[in-house]
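What follows is a group of structures, each given as structure tokens.
What follows is a pair of complexes built around chain A, which joins chain B in one and chain C in the other.
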Partner chain A sequence: MSERLNIVDHNQLFRQEKYVRQREGKRAFEAPCSPEEVTSTLEYTKTKEYKDKNFARTAVVVNPAKACQPLGAVMAALGFEKTLPFIHGSQGCTAYFRSHLARHFKEPVPAVSTSMTEDAAVFGGMRNLIDGMENCIALYQPQMIAVCTTCMAEVIGDDLSAFLANARQEGALPEDMPVPFANTPSFSGSHITGYDAMLRSVLETLYNKSGRTPQPGHELKLNVLLGFDGYTGNFAEMRRILGLFGVPYTILGDHSSNFDSGATGEYSYYYGGTPLEDVPKAADAAGTLAIQQHSLRKTLGYMKRTWGQQVSSVSTPLGIHATDRLLEEISRLSGREIPEALKQERARILDAMMDSHAYLHGKRVAMAGDPDMLIGLIGFCLELGMEPVHIVCSNGDRKFEKEAELLLKSSPYGAEATVHCGQDLWHMRSLLFEDPVDLAIGSSHLKFAAKEAKIPLLRVGFPIFDRHHMHRYPIIGYQGALNLLTQFVNTVLDVMEEQAPDHSFDLVR
Partner chain B sequence: MEAAVPSGRLEISCGNKIPKSTPCPRPVPGEASGGCSFDGAQITLIPIADAAHLVHGPMACLGNSWESRGSLSSGPELSAYGFTTDLGEQDIIFGGEQKLHESIHYIVSRFAPPAVFVYTTCVTALTGEDIEGVCKAESERLGTPIIPVNSPGFVGSKNLGTRLAGDVLFQHIIGTTEPEQTTSHDVNLIGEYNIAGEMWYIERLMQQTGMSILSRITGDGRFREIGWAHRAKANMVVCSRALLGLAVQMERKYGIPYFEGSFYGAKETSYSLRQMAYLTGDRDVERRVDKLAAREEMRLSLELEPYRKQLKGKRAVLYTGGVKSWSVITALQELGIKVVGVGTNKSTAEDVSRIAARIGDDAEYIPEGGARQILKTVRSRKADMVIAGGRNMYMALKEQIPFVDINQERHKAYAGYDGLLSLAKQLVHTLQHPVWELTAKLAPWEEETEFAD
Partner chain C sequence: MSSIVDKGKQIVEEILEVYPKKAKKDRSKHFEIADEELVNCGTCSIKSNMKSRPGVMTARGCAFAGSKGVVWGPIKDMVHISHGPIGCGQYSWGTRRNYANGVLGINNFTAMQITSNFQEKDIVFGGDKKLEVICREIKELFPLVKGISVQSECPVGLIGDDIGAVAKKMTEELGIPVIPVRCEGFRGVSQSLGHHIANDAIHDFLMGRRELKECGPYDVSIIGDYNIGGDAWASRILLEEMGLRVIAQWSGDGTINELGIAHKSKLNLIHCHRSMNYMCSTMEQEYGIPWMEYNFFGPTKTVESLRAIAARFDETIQEKCEQVIARYMPQMEAVIRKYRPRLEGKKVMLLIGGLRARHTIGAYEDLGMEIVATGYEFAHKDDYEKTYPDVKEGTILYDDPTAYELEELAQRLNIDLMGAGVKEKYVYHKMGIPFRQMHSWDYSGPYHGFDGFKIFARDMDMTINSPVWSLLPSRQTVEVSV
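Up next is the complex of A and B:
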């Protein structure tokens, strides 16, 4: 093809004069407010006074920074081999979950729903559940079906365990098919609690089904939990690190291959995940390492209590200190030395940090995200000499808040920070205007506030809809620290260059 | 000003039956199915760009969906904000009406929108919140229209939600304002959502013939302008089966004739413009439309030449919703593409007969089944590409099949004459991308082993 694909899209096309004129004409006929009024109102929304009003808001959420429980449950389900996420409720939510995950990972997402309708709302959703089981087994041939509820099923009070028992009795559900289930109404918790609830249920169901009794420490193996993680690259990095240690391990809930499969020419519903038979064996492991703690509370509690496992949990290991801790924990749990290769890697990453430190030092940042991710980010920013200023955590609680504050107190760079739990991105917008910062860190949803405040956004977290392949690069471990550092410093350099006058448009930075 | 158009004009409408209440099959439990009625209502009304859209329910409904529409606005952006009451457990137990009151109040006092749409969701419908009552009380108190949209997810499919949204427009909005001026060539576009700015193409074409759009329902629409939709001389229902009911209702009440048309493909575009001009009843306009159509079609056929050469005989599977399934077929046929498979799961009987009129028995009809069925058809019919919506994209790519996105998330406009040219270019370039060469061949070591055997 000699001609390049150059279809003018609306971004360019509608800047052309004729369209601009057309729009002007339209505006006149819309009878809008005057431009002055628009500007003055807009200015008002950037003031302290408006911010106070905004923070006094209690009823409405504007631009939320969290998703709901069943979304997390779907992600947890896809961490296991040949497992079909099955959502008991009306069908719309399921379509949302599928597209939400598909847009982030750029992968197809199998998930089905009981498609409850008005009759089900009145008479209960048992029929839907039973028929749904029969259909989905015929269509998708799963090895396990992971059932979660939406708020609808919860409001009418459907009893999942009774329904499932009936389904088995009717023969719609084979006796040996494991069906973990979790109650995940979206009116409580968020995607991370849903993830936790489903993961716990999967472990418990598969374990109980095996009929074993736990023998903790019987196998010199580690269980590893990554939690609600939007980075498939983190799984690869975790495997690499454990490989260097030479530690045998089982990742419980490994959704990386389902969300990052190859284009082989044949589509399949299932691409991988933790093998089901590995779960009961996991009860005999030497210990469990979780790299998200706030989002895995129920699961870890179960493993400690019922499996008698020694559990070590840290927040997302971003940056040097957090990775050090991770390695120490692996070493402690497995009794192996920290491998030389990782020590060298650490030195190299430190070298890279020194190379870049001048550009990041003193940069003030705002960040929004999930609790564990934020703890990791705060720590890394402090190491880089960046100053966290506004921290918004829609789904954070007191425990998280305390931990974050403690961490911030540990460094002079954290002195200015305030932690806002339960707030949304419209609060964040006020914060950005009232007390401007240099950089914002968060998911794609933060881009609107950041753009308005003219702050570059470093996309970290979930969901990232508007950039490609970021989730394939790990952000945990030393290697992950290097990836984040590269992204951070180069964004700063891009901005510098954009704004540079001719005399300082330098070749070498 | 008088609302009714002389009743003699009524016969020219292409149908006068409101579609039956269940246009689509009921969702089947245990299948990966599409969106809910709430979703349908939301995507129909959200393009009203200057209004605030408040979702009364828990986080699920909005948290996973905000800012993902492809409808563009040429001005206000308020509808892009995600507003929700984010109900928690306590609200479910004790009721969320107070929260709704406060939310509405907050939105009106801080954002001063011309109207607030309040959406029920499964949860607030089940807990029996009196949303209508709250909306009514707040409308009176605040002097801003607060409009309840009663379309919880469980009542049915996305299409049904679209229809319910049409009812909302008809009952609460249309007929509530008056335009400053009207002409004899005012037309409403119904069911045009300005995906990727398509409406703006159409608007330009219409302007060139002296016609204008009185109300855009709802792509790039404004609340007030939809209020005066009853003053139009004709309604065009663009590619949306579900809003046909709205056009029928408007004809009954205001005597506005309507027709169903599409802007995909040159033929359909010319037809639609002609039909519009005919309904406005102005011979001058009709003449101008004829001229424009002749000129554009001529220009287009010259410009399309090189692309037609490359697309001729290519085979495509088309999987898209409702009316688009037949109108896009025309567009593809104009480009010389053979449609060998077509999805009919969201089409009505009339749509299917229109599809049949275009491709007869040459193609496989895919009534349901999603990805698996699409892929099966691609293989059995030896198709060169899949043209569908984003949800099926990644599956097609796993199978290394060239894919063109035709649904709401795309960023390219395909409407009108220029749109057809864009579509042609897009198809050619998709098919010619070097990655298909890579995927078609085995890796070198695989070739060797094959050789060795």
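Up next is the complex of A and C:
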């Protein structure tokens, strides 16, 4: 390049002397705390006394590891072909869902809002909903519109079912357009329950519309559900595994193409998803396999109850054991043998785990995330001889807690673990200071606590805002285990080398 | 009327064709093609600050986003409670990059999500009792906290909680200001009302409440800079180097004390006019403090602004101002020498929040680039009037454009660069159109001041001239010149 200029950005710029002086000068107007006060308070917040206070709080929530229902509903909607997420409520929420998902996937997120304001708060949002239907159909030509609600619509008690009937009557909504809807107030559940509610509604709506009666087992196909999954790579991996089995399948709620489309020079609002006509047919499948449980409770219940479907749900298949169980379930439901190729793959991944185990064995870890992901992570850590110590699940309930505790009890490496349901990442911070660990595993939100505790963060889960493309690689199955293993062991090696004195800066590992 | 204006009108008409009648009628009022005659008389008939159409993809957010996300959130020594259910606080956590010095969680609370996590029972029985407990717990968990703001989310207003009464009680009990901010997301049509509500709360609870020990003739305040990527620091350095004393920064890297002493300024300097003009006019009315707008994007506008600011003071300042300009100009010339040839004639389209849709025009022009279309998410009439003199004839202005309109325009205008937000960013990547996220500088910055311009120029060059765009086999565009 022509002329070399020394351009420094925020990382370096504000270390320059003029900016250091500026920072000091500004304090004259800040009425700041003294540096001594700050230091002593910081130290105090690392004590047992502070931890007890922190755990005694009953009302305030600080840095929670969960989001709200409609976010999950949007993800579920984007799992279906030409489906437009339509959010009934005030418009800020929709902007937030779109940017939150865009920041994780680095992809566009189409969704519309009814843009309710004060007058709708008083008179209800029916007009907004009807006009909104007309507008979004004209602009975005969806095949299906998936409606969910925000707090506002729920608090004022808008009756979606009646509104949609009126929209059809007025002709704003074509008679044959499927419009599943889910009530998803932010003041109950979390993003995973919102995912569940919308997925269930989509299945039910499309199924009812077809006018069929279920004939479970009529087709030798499997239904596969991945749940609230932030990894598009997991979908590809699941397809690969099923392909090796030679099992015909339908993924119900496949958002991977909508969150991982190519740059072609043209933008389309819709990039795939489960074809709508596949949903009614799914009721005739031989069985249903879900690789999440907590984010699919209502959906699986519906499939069992109404479709008479044989349903099997396993935890997120992270690591060897959980993948074994996944393959056994596929084998059981499809009546096919586990393919030789996968057995060989298992052996290769196992070999890799043996090669790397020495660097991970005995490493104490803290982890936070969604219930299904945590169960998978606990299992994988135990297999590697890593010791889960602090487990924080902001959106976990008693059922999750029991499952996690049972799993931890199954291994001596789980002996020290405690499970904290409904707690947040500020609780985690106290745990990290009171009983330090070597590594943290979780979303980007855990980076603050991990940095203070001076431990590396292994980014696994949702959302990952501050690293690129991790979601494009699978973490499920044997191949996923290898990806996680690679990430884990090399992070540990990086830390080791950072800390190594010159004489231990080894060439060979 | 010139043909270039006609051409623009025709494009807009074509694009709006797809809307249903009612929506089309409404949307057509939100476009205007810059016309020399209109520019000269400063009138602009574009409709703004109106409700968005339901069912379209608007780029807008809500009042909560304006109050907590923009104005209050960056005040670092206070805890800002996202009061209501979990979502709003979670989605606005750390996403605007309001840089602040201090120890996170100890005396700086900016990049934290502190929420009352409303559950169903709080909706049924009300959240006021819980709010009291929350305030007490905050004081206990964060002993150095200097104040608390309560940023209400939709349900709080709908169920009729009296957060004002709780705040009053807690202010007395805890001995720190607890400030209710009724910024529920359903209020108003965009973030803009949230800014106003936030400002009203600053006025009612903090403005004029603190003393500045020694006042000086050169005391000024920076109003409406949120220190994104360190913008306010890169601005402040120039003001200080020219001999002014910045006594308050509202609100990026700001403190509760700075909010309380700003009324002692001799002059208020406002950058984001949209979000904080109310404060300047209020301080003018109540304390007689004059105020002026400035623009620190790009050397031309920065120099212009520095001189205009200096002109409000004596010769000492004016002399120092010239020295500052003289010191930085060779650096600016080097930047332009390097980047202008690489960017000359490139066509830019912008959609940004409050001020940047016009403020950055000069910076692009310093690099030889041309703005072919620009507009705002949540502007008011005055923003468009201020934009007019800065655009060339034929430039398309739009208000609260939908995603669809922008995508169509971008292709028809065959632009070389789009500047908008994260919701838009990846759409343009699919289309193979270079894009910069201009709300938080695409995680770069600062962009303000002379130091910021260097980064701005570098970023625009790396975006437009990246070889990745040329890897697309065919870029599907329709060549239309405006």
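The rule is simple: the second predicted complex is superposed on the first by the 499 of 509 C-alpha atoms of A that agree within 3 Å, B and C clash if a C-alpha of one lies under 4 Å from a C-alpha of the other, contacts with A are read in each partner's own complex, and residues count from 1 in each chain.
As a working rule, a residue touches a chain if its C-beta (ideal position, glycine included) is under 8 Å from a C-beta of that chain, and two chains touch if they have at least 3 such contacts.
As the structure is a prediction and not an experimental result, all values here were calculated from the model.
The superposed arrangement places chain B and chain C in clashing positions on chain A. In the superposition on chain A, A:37 makes contact with chain C only, not with chain B.
Touch criterion met: A:113 reaches chain B and chain C at once. By the touch criterion defined above, A:265 lies against chain B and chain C together after alignment on the C-alpha atoms of chain A. Common to the chain B and chain C contact sets on chain A are residues 1, 5, 7, 9-10, 13-14, 18-19, 22-23, 26, 29-32, 41, 45, 53-54, 57-64, 66-68, 70-71, 86, 89-93, 95-100, 102-103, 106-108, 110-118, 120-121, 128-129, 131-136, 139, 150-152, 155-156, 185-188, 190, 261, 263-268, 426, 445, 448. On the chain B side of its complex with chain A, the touching residues are 26-39, 54, 57-68, 72, 74-75, 80-89, 91-92, 98-103, 105-107, 110, 112, 122-123, 125-127, 152-156, 158, 180, 196-197, 200, 203-204, 207, 222, 224-225, 371-372, 375, 390-391, 394-400, 411-413, 422, 425-426, 428-429, 432, 439.
Note for the complex: chain A touches chain C at residues 1-3, 5, 7, 9-10, 13-14, 18-19, 22-23, 25-26, 29-33, 37-38, 41-42, 44-45, 53-54, 57-64, 66-68, 70-71, 86, 89-93, 95-100, 102-103, 106-118, 120-121, 128-129, 131-136, 138-140, 150-152, 155-156, 185-188, 190, 261-268, 426, 429, 445, 448, 452.
Per the touch definition, chain C reaches chain A in the complex via residues 18-20, 22-23, 51-65, 77, 81, 84-88, 90-93, 95, 99, 101-107, 111-120, 122-123, 130, 133-134, 137-138, 140-141, 143-144, 146, 153-155, 157-159, 184-189, 191, 210, 212, 229-230, 233-234, 236-237, 240, 246-249, 253, 255-258, 261, 334-335, 337-338, 341, 402-404, 407, 421-432, 444-446, 451, 454-455, 458, 472-477.
Of all residues in chain A, those touching chain B in their complex are 1, 5, 7, 9-10, 13-14, 18-19, 22-23, 26-27, 29-32, 41, 45, 53-54, 57-64, 66-68, 70-71, 86, 89-100, 102-103, 106-108, 110-118, 120-121, 128-129, 131-137, 139, 150-152, 155-156, 185-188, 190, 261, 263-268, 426, 445, 448, 465.
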